[in-house]
Amino acid sequence: MSSDRLKGLILPALAVLAFEIWLRAFPIASDALAPPSAAVMALAQGLADGSVLLATRDTLLGAIIGLGIGSSIGLLLGVLTGLLPPLDRLLEVSIESIRPIPSVALLPIGLMVFGFGYALEFSIVAKTCLFATLILTRSAVRGVEPRLMEVARALRLSPFARVTKIVLPAALPQIFVAFRLAAGAALIVAVTVEITINPQGLGHAMMTAQQALRPDVMLGYLLWIGIVGFLWNAALLLAQRHLFGRAAVSEAMR
Amino acid sequence: MTDSAMNSAGRQSLYEFRDVGLTLGGKLILNGIEITVRKGEILCIVGASGCGKTTLLRLAGGLYRPSQGSVLFDGAPMTMPRQDVAIIFQDYGRALLPWRTATGNVALALEAAKVPAAERKGRIEASLAKVGLADHADKYPTEMSGGMQQRLQIARCLAQEPQALLMDEPFGALDAMTRQSLQDETLALHADSGATIIFVTHDLEEAIYLGDRVIGLLPHPGRVGIEIDVHLPRPRSQLATREEPEFLRLRRELFDFIEKSEGHR
Amino acid sequence: MTPLAQISWRIASFAFAASLVVAWQLVANAQLISPIFLPGPDRAWAALVNGFTDRGLGGKLVGTLRHMTFGWLAASIAAIALGSLIGSSRRARIYVAPSLEFLRPLPVSAIIPVAIALYGLSEGMAIFVIAFGTLWPMLLATIQGYAGVEPRLLEVARALNLSRLETVTKISLPSAMPDILAGMRVSLTVALILSVVCEIVAGLDGLGQWILISARMFRSPDLFAGVILLGAVGYLAAAIIAEVERRLLAWRKTH
């Protein structure tokens, strides 16, 4: 298996190497592109002088707080609509007419209301996370094994106890999946907002480097965004496995 | 065992397994298999679970090549699957194309054989009619019961107009009633087409009921442990045949063999 | 649920949405929020109609649709062709899939500065970004679809002596279709987002540019008209591809 994993590395390694050789051999395109080695150097320097870390902090802050706001509202609405079909049917048209609006389309509105800064980023990230969490939480709650609900009724649990003792624990693994997907989207949207309008964070740093004709710095940031994105997702996956590993196994045994 | 292509009954042989051995993943699965299959006969293969029945059938189908010895079909080595050898898998649910209707699934065999489009329609209808699916030509596999799905797989194989039908526990997953009617349909199709059938099964009674001969395999590695001729009159009948003393005697003989072979482990 | 109950719920649901619009109108009329930020639905609607009749909003709509569909279609074709090549070989999958898995969660918009460096603030840049950004998820979906083909069906193909090409067109591709279409559906949403972003960043003719300029000039009715239109595009795009999926995958539902 680990040899398969090594094989997966061959292709990217070759691509980087080819890129390096190509740009070293023909340095004409150097205004737009820089060899990978130069990008790595620029990234190392940015990390050393703290500028990269500062930008990372801004981006992560935007993603995390936006995620916090959006996914809590989404979770609440998802549980409610999942548990109460009448409410779900009542809200359906409203939800389905707001959901398809691309979140970046709300950027200019956010800009008018909040101006540049954190609040703009929070609001756009939150919109994305809200709907992602809402939809998946709702289906997680609806998917709770009907037999479990029968058990709850047979035990004469109160409605509140039914939710806290049966529904939420049963739907929790799925709800966490919803959270993980929303979190993935949060980082993507934060970077996108910065690239598009908001003058802060990693996205904006990348745009600035491009405008300053520093392709090495720009590609260094691209590399760094890749690393941050990878770690962000890996951490979430790890948390999911750690928290729900046993639940997932018993799920499969059923 | 004779080297000639003729056997004692005077009928030509279709398959000859000559000292066949097969190693998979470093494990010896089959060893020293000597089997002759006569043209037009029904040969049933029984044996404990995991003794290599499916593997033997896959060799006959050309899906595996022997690591030792040779599998001859019509006198020539079987090196790859052939158009005139059809395989019927046990898990019919997975062996059908879920995105094609019954007609489409049978058509696949004809497309593979490069049958001209003009000829296909008639042959598809004929194949479906033979297995009693004429009225279900436009149904998707997911709209069919298990028995119908297995009939559909048989129809696809019949469309190949095969010399040999290789059936791997084809009725194992079906209920008793459906199984009995499919057994009788298989006998009718056999009488009708004259194809040679190799039939793998777990069910000893099924093997005797269908077969001209029954071969029992011993496990670890798989090898031939018993070979019996079934001298029961044809056409056979679910009630009468199963009550014949000869039937009961053969059942006893096979039962003892299987019990002994399981003790072998 | 009876059909009557279903229809009643639909009506109730629309009524609820309508009451939200009315509330929006009342809030706007009462000027609880400055009309500079929040136009009433009446003014937004008027701006929408007016935009189409004499302000060239239709052209902007076409621009956005052009960017999104060109990039997405190019990527779809490339992804299906390339994905079929890679996906039908187990060995190729081992070499390629990990890289794609790695690329998948990355913020694709980060490619925009690179694309600007390469292509300038041009329409070509936008189409490159959209094609690039939607290619990877679709390629991965296609490869996964091929990896998930029922092994028994591949054996049936062997038993029938199907050629490699026939095996792909008759067995693997139809079997991978649900995954491919799912990838295309997700990517279409991404394509719309990237179109808007590129139009904003590069000032390209499209709805992204329209809403940005409206915001900069504090013409909030125009801004809301653009946002509503983008919502409609998102809705219709999803509806169309869902219908295509429903038709092509009709065999999956029948049970």
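We just call them A, B and C in the order they show up, numbering each chain from 1.
Everything below uses one rule, namely that contacts are C-beta pairs under 8 Å (C-beta built on N, C-alpha and C of every residue); 3 or more make two chains touch, one makes a residue touch a chain.
Quick caveat: nothing in here was measured; it's all calculated off a predicted structure.
**Q** Make each chain a node and each touching pair an edge, then name the shape: line, ring, star, complete, other.
**A** Line.
**Q** When the mean CA coordinate of each chain is compared with the mean CA coordinate of the whole protein, which chain is closest?
**A** C
**Q** Express in whole angstrom the distance between the two chain centres, defined as the mean CA positions of chain A and chain B.
**A** Once rounded, the distance between the two centres reads 54 Å.
**Q** How many Å are there between the centre of chain A and the centre of chain C, using C-alpha atoms for each centre?
**A** Each chain reduced to its C-alpha mean, chain A and chain C end up 18 Å apart.
**Q** Which residues belonging to chain A are in contact with no fewer than two other chains?
**A** Counting only residues that touch two or more other chains, chain A contributes none.
**Q** What are the residues of chain B that contact at least two other chains?
**A** In chain B, no residue touches two or more other chains.
**Q** Applying the document's contact rule, which stretches of chain A touch chain C when the two form their complex?
**A** 4-5, 7-12, 31-33, 86, 89-94, 96-98, 100-109, 111-113, 184, 187-188, 191-192, 195-197, 202-203, 206-207, 209-210, 215, 218-219, 221-222, 225-226, 229-230, 232-233
**Q** Considering only the defined contacts, which chain C positions touch chain B in the complex?
**A** Against chain B, the touching part of chain C is residues 150, 152-153, 155-156, 158-162, 166, 170-171, 174-175, 177, 249, 251-252, 254-255.
**Q** Taking the touch rule as given, give the residues of chain C at its contact with chain A in the complex, in rising order.
**A** That would be residues 9-10, 12-14, 16-17, 20, 36-37, 94-99, 102, 105-114, 116-118, 189, 192-193, 196-197, 200-201, 207-208, 211-212, 214-216, 218, 220, 223-224, 226-227, 230-231, 234-235, 238 of chain C.
**Q** Which of the residues in chain B come into contact with chain C in the complex?
**A** By the definition above, chain B touches chain C via 61, 63, 80-83, 85-87, 89, 91, 94-95, 97-100, 108-109, 111-113, 140, 142-143, 160.
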